[in-house]
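Next, two complexes with chain A in common: one pairs it with chain B, the other with chain C.
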Partner chain A sequence: MSLEKDLDYGTPESLCQELISLEIDGHQVVVPEGTSIMRAAKQLGTSIPKLCATDSLEAFGSCRLCLVEIEGRRGTPASCTTPVEAGMIVHTQTQKLAKLRKGVMELYISDHPLDCLTCSANGDCELQDMAGTVGLRDVRYGYQGDNHLNATRDNSNPYFSFDPSKCIVCSRCVRACDEVQGTFALTISKRGFESHVSAGIEDSFLDSECVSCGACVQACPTATLMEKTVIEHGVPEHSIETTCAYCGVGCTFNAEMKGDQVVRMVPAKSGKANEGHACVKGRFAWGYASHKERILKPMLRSSIDDPWREVSWEEAIQFTAKKFRELQQEYGRKAIGGISSSRATNEEVFVVQKLVRAAFENNNIDTCARVCHSPTGFGLNKTLGTSAGTQDFISVESADVILLIGANPTDAHPVFASRMKKRLREGAQIIVVDPRRIDLVESPHIKAAAHLAILPGTNVALINAFAHIIVEEDLVDWDYVNHRCDKDLFENWLAFIKREQNSPSYVAKVLGVEAETLRKAARLYARAERAAIYYGLGVTAHS
Partner chain B sequence: MGMANLAMLTGNLGFNGCGVNPLRGQNNVQGSCDMGSFPHEFPGYRPVSDDLTRLSFENDWGLRLDNEPGYRIPNMFNEAVKGSFKGMYIQGEDVAQSDPDIHHVEAALRNLDCLVVQDLFLNETAKYAHVFLPGTSFLEKNGTFTNAERRLGRVRPAIKPRTGKHEWQITMEIAQAMGYPMHYDDSSQIMDEIARLTPTFAGVSFDKLDRDGSLQWPCNDEAPNGTPIMHIDKFVRGLGAFEITEFIPTEEKVTPKFPLLLTTGRILSQYNVGAQTRRTENNVWHPEDILEIHPYDAAERGIKNGDLIMLKSRKGETSLHALLSERMQPGVVYTTFHMPFSGANIVTTEYSDWATNCPEYKVTAVQCSLTDHISEWQQHFLDYQAKQTKPLLQSS
Partner chain C sequence: MTKIYLPRETTTLSLGVEELISAIEHEAAARGIAIQILRNGSRGAAWLEPLLEIDFNGKRLGYGPVTASQIQSLFEADFLNAGEHELKLGEISDIPWFKQQQRLTFSRCGEIESLSIDEYKKHGGFRGLSAALKSSSKDIINIILDSGLRGRGGAAFPAGIKWQTVADADADSKYIVCNADEGDSGTFSDRLLMEGDSYCLIEGMIIAGIAVGAEHGFIYLRSEYPLTKIILEEALIKARAAGYLGNTIQDSIHNFDIHLHIGAGAYICGEETSLLESLEGKRGQIRFKPPLPALKGLHGKPTVVNNVITLASVPVILAKGAEYYANFGRGKSLGTMPFQLSGNVKHGGLVEISFGLTLREVIENFAGGTYTGKAIGAVQVGGPLGAYFSGKQLDTPLDYESFSAAGGMLGHGGIVVFDDGVDYLEQARFAMEFCSVESCGKCTPCRIGSVRGVEVITRIRTAENQSERSEQYDLLEDLCETMEDASLCAMGGLTPMPVRSAVKLHQLLTERTDETMRPTNES
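Then we have the complex of A and B:
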């Protein structure tokens, strides 16, 4: 769960263009076709009670709390799984519904610990909220029947605990693992009264396939899956929106705080790079900021063999400035320089290069990122005119074929990998070019159309071979090339790419991949309606 | 370039669902490059030799600027070894761990009369430093990061700088102490200056970011709401340029003495040189770097799962535990280099810069054999580590 109570519409948005008009509790509402009654009601400001529904997941219809009455229809359908229809007249609050909902809640609570006051989710629990919403005052069945109250807690994951005694088997965690993260680590084992969430067959969370992205923890409406930091510190009291400092995905997070203490990091739904998802690093691995080895005071020493001496900021800065000026006087203006960091903010980097150019009075400024960026920068700048990637991340959701070269997103860019996997589950195809059989070659519900296990260091040869095949088999988009590209440069390049050295039969030996495999993959890329290339840092200048 | 050729050839640029996209390793690789961390380019990738650009910076900053490109990192190290380059200010980069040729870097850093390191932790580079300026974590920073889709996102302080100073303040105060009057009241003023001096960022401000959430550059009068997809209708350079991309095989070749190819990558739970993730519970998933070796290659060498093996290249050697794996084909071995103790830069050759993750450079010919001891360098690393941190731990 999260402190930041983003509006939860219960079910995902429908992207349908067709609009439908209906009446809910006497109010007219117009929504796209395919919208659930639950979502349409929320759009009017009406919250239908719910437990198993949340708008980051497809409707499931298991909790039986969101029942509604529809005029002219029998029974009480679930509003999350019932799509709107034109002219529908829906009632969300009737005596019949109130009684049904209360009955459902009674059943849940008859098998749930009554320790709300000391529960880690106290004040941040949807089950608690729903008990209040339906006006639950007593449980007719008592608490003595068969129950799960003594189920064993799994504390194996370092960041969150799993307490099955509090589980209502809504399967939000299972669906978050499948639909949002795409790992398929969790499942509901057994059926009926014995059904329970499990991470593989009798595995603990730590020993399972779980990648600890925390999507399940965020999706859990109770204290069943709970951050250990929340158990330790309690529910956060304020929240600050910020950007993760790990990889180049740059996820938006809400840092949920209690005074100066970070209680948890919750990925923001509003973040365009991540849309409410996160990985184990961004969500959980922020403890280094208060690690005991962190240095908090400036230090000096006259020789690198001496021990460090803590000094004031004033002393450290004056010492540095004086020393730098002395070195320039003795050895010349160019005797000093700086390196800026690709971990620092834009503003911090800008002032470092300004320090070098304006105060050091030279251009001795560089960054480690230059080494890996310059191939990208150089290549894309030369061919297209800009030193950067061409798309936004969401673009991958429209790709039909993905060519992935020398990158392992499930490990290095996990949140983008989840987006990519979602698109692959929808039917897009992927060609993986990597010496190693990475997870995107084959993992649950993912199977690459081709894995080109090339020898390390042969990317360029592979890309040239693709181009050669596309030219040879006339899969070129001539209209595009003629209208958008420089003719002379193209002719020149065409002569080069047609050479024997770029032919699949020749290149196959260099790569250690069969020529026919190359041909099939190149055709797949070339024939796609929309084909996208994603590559790892620094597939070199030539590729 | 080859990938851009391929995309143009098939008409896959300038539309949703297409494109050529780098997946950048560090959070602000894009941003630090955009911000002009280059010896030959101002912010926005404009040459220092370009008079008009330089003039705009000179007018804004109130002084004349050098029109000659400065030293790149390798030049700095070479000049330091020669003795003509004497002082360095290093912001948050652990060059002593991430640079390929450690002996050369060590020699260079030892030769500096004043090395200033600004970081969260006493990293490997700080072992050679004279001044250590404590930096801030992202939880304390106030500014922007630019991700791999050119998106500027706000970084807002959850807590005050635990060190008492923002990193930009440190830099600013060094400039002031050196006699250059650099002044900002807060980091939004730095972004205003960036926007003023960089055409692709002209429309960016903290106010606009706070209003819109995030923005993808170019963001200016032509694209006031930023640019999600580039090169729609036409390329930024005009007509797309097909460039010749000749394949040049790596110099690194397997030999009877070094018959295996080593390639490297990353694992989910750890991040780059591990300075952050090593200091979290993420170590339960990855307490050490492991060498993945194909069962066929392992059997030839009598290596079993979990055995300690010595990984040797013509450059040096380091020890790692083995994991038998069929993820690679026989003849290729794989490891991550998240732990300094693994000594990546001991084994990899001058062109195999694993830290920048350049696959073309990530090729090293190696041999693996069973061993019962860590390498000499690893022992040296442990001894040096103990010596450096001992006085510090005593004082605290």
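Then we have the complex of A and C:
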């Protein structure tokens, strides 16, 4: 696979149902209301010059390259910040626009090192592309004026370097840290010509709140924020789509390669779990890929006392298959089985169970998730018919109230946590049930509506108390119950849950949480139009 | 007991009014005379400050400008009984500076004890509010629309249309934001109004709140106005205690309260979107439009952002009617405007007049010529982003349309006069430098362009020959075009206005050749 960049539409997709028809450079285009002119043009295949816009971030309007002319309107509005309107007639290329864009690029380059040939972003630089696009041939201001060419590079981060002399102050890194990752580690300090990217309050990247998720590096259009591996090895030549092998979120990555060597791991926009985002592990901690201790060839030994012996795949598979068959002949068909891992991809897990069912001819397939998650797996299976969660990742974008119990996503599943935090910043509320004061209880721009710091081991009492409050205060969704629940079983459950032992006042002491706090949280959850529960090993990995 | 009025106002403070008061009290005590010193605002005649006034048989007599060393002689002249003295100015209303004005917005400013609600009411205060409380939102907005009131902060957008937009917006909360981040050099009308008649602003904000359905107002006050802050804080406390702020104001169904917010100390925070960012606690950086603040303003809610003078003009309009106000002014520039005279003038200060006098008339009638006594060289109108006017341009009438047609703008009403010794190229350079110092840094044309602008103008100065100079003039014009058309907000977009006009004047003076500068939108 050649190195193909994800298409960049400049501004995020509009999810509006209403469609708008307009004309861009003589071509009709129909797009959802709320779409920017820039995105609509890209849909037609027309690339309007841009530097500060990228479709993973909200429009910003600072670079002033994407100016267009709209018939009947004064001036030259920016196409990234101007939403389409019905019947609009837009021109993206006119003499006036060409002159303005060249004028803006001339200003940019008057404060930029002219070291393209030796620059780590050579061939992968949007500033370089734009200089070409607008046909910049001369910088009449000269290069003797005030500039940032001597700004000091910050190499503190082990994975990427920050070279402010190449910065065009487009704020893409700052916005990525805010909007995508939600850490708010970066800002622009000072104003005017002195504006510059600052990690924390003029800290080094390493000393700042930065968590090295790499969103800023990915957002940077120049060589300002650059992976150290690219600085060392140069720009990759092909990429292979893969799935991150760390946590269970399952982020899609493009492994950007040179030959068989990984140069960098870039999160793919097409990944449904991560939508172009990553965490420090998937993004940077892939040294294992080519680690010398990695086992790359099959090995066999006859007994535990023998040393390992490298063998061919053919021999290894033959040996194993033969042994399995012998065991089955001796002890019966069900004598063997397989265990898969939650770290494996769905596809890999599918193949393993297929092997067990088709080749082993039994159902002895298990997964580590069944062990860790057996309580909830059992419960979900009994109540909803499947032991899996009922929501996909994107649904968090619609949640109004989130009940988080026994999970610490910012630490354990950071990419999903970023998506959850984004929703919280949009106004959704979160109830955190956890003995610990985890980040989602309170961190920049996040404040939980309630933190139920229950004593360890009291999750069941808490859930029952929640249910008790919901039943006692008649907050039950009867429509759902009547349509979907087994009447008798539900009546049984009602009788149980109404018991005094499940009341908040009764369990308050057990939980170490006041009854009124429980009631408020339960009401918040039950009254939400779209409430969602997210749980983790904190509730399931108990015996 | 004679009442003595001495302003509690920043200019007067800087001229030693507090020392003056100590001297008067000391002298009166020594002479065994009972006096009462009341603190009014300044009437805006900065050249007469400290202006001491006495209430003499119901008439206000003025002495000024007074210094502490003259107090003894004033007592000796029996000024408390209108005694003759070289500083005696006679009855205030007879002084031509005041007599020639049409003070609608500033009618009480300097006249009343500034923090007295009783005095405020005695002089027509809260009548606009009473009228508003009896009117529907629609009626109030119609009155503002009919009055022709336009934003006095600089953009001159019709206030009624802005209010209408906010009133029509569907939202759970709305806000009134008063832009009191008065940063234009040569302007001080907001400060004078807030220090001298703060209830007028408060009243205007309450009316705006009633009109659009907002229950919270914010005053974003320039951090460089510490005295104004103290005065506003006192005024808000008193207004709240008197039931003009808070819940069910004046026993009506309306709730409205005002919060005072001190600015971040940046010129750019006077731009409304930057102001909103700053008010939200963020870096004062421009937001793109649309969405308009009227629809998505403070915390994303529909917000009226009006200048101090716009809001302070509302009470008189509600009290006396749209027609009364619209009868002042001309064309589409209706009502009055507080112009602020400064720079190289004999008499600096604020004059509130109807739109329509020419620039020259205002300078001649009020400013009394230049301070240096030389001929007028040029006049910069509308703050640091306004154009330099010279020669026959001085006959441009002071109204929005005429100034726009002449390639300038009235802005916030600042008039800064220069004599004919001014170095225009330096003024052009200064305009670029101002932009570079005050740019928020968000957009490229303003952030980098202003710095290059300073450099190019410096090179024009140092060019060794005509062709080199001419090259730099061309580059400057290209830069001005980029800044004007490509900048995100008016900061970078309007900087070419003073630059081009000053450069043109410079060229006329030094080279007498127009060929080096391509035609601009200058008349």
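Everything that follows uses one rule, which is that the second predicted complex is superposed on the first by the 456 of 543 C-alpha atoms of A that agree within 3 Å, B and C clash if a C-alpha of one lies under 4 Å from a C-alpha of the other, contacts with A are read in each partner's own complex, and residues count from 1 in each chain.
As a working rule, a residue touches a chain if its C-beta (ideal position, glycine included) is under 8 Å from a C-beta of that chain, and two chains touch if they have at least 3 such contacts.
Fair warning: this is a prediction, and the values are worked out from it, not measured in the lab.
Within the superposed three-chain model, A:Leu19 lies out of touch with both chain B and chain C [touch as defined at top]. Of the two partner chains placed by the overlay, only chain B lies in contact with A:Leu380; chain C stays clear of it.
Touch criterion not met for A:Leu114: it reaches neither chain B nor chain C.
By the touch criterion defined above, A:Gly75 lies against chain C but remains apart from chain B after alignment on the C-alpha atoms of chain A.
Of the two partner chains placed by superposition, only chain C is touched by A:Val104; chain B is not.
In the superposed model, A:Phe193 makes contact with chain C only, not with chain B.
Comparing chain C and chain B on the residues of chain A they touch gives the larger count to B.
Looking at the shared chain after the overlay, A:Phe319 reaches chain B, while chain C stays out of its contact range. Contacts from chain A toward chain C in the complex involve residues 59-64, 67, 75-76, 78, 81-83, 96, 99-100, 103-104, 107-108, 110-111, 140-141, 145-146, 168-169, 171, 187-188, 190-195. Those residues of chain C that touch chain A in the complex are listed here as 266, 268, 283-285, 288, 290, 436-452, 455-456, 471, 475, 478-479, 481-482, 485-488.
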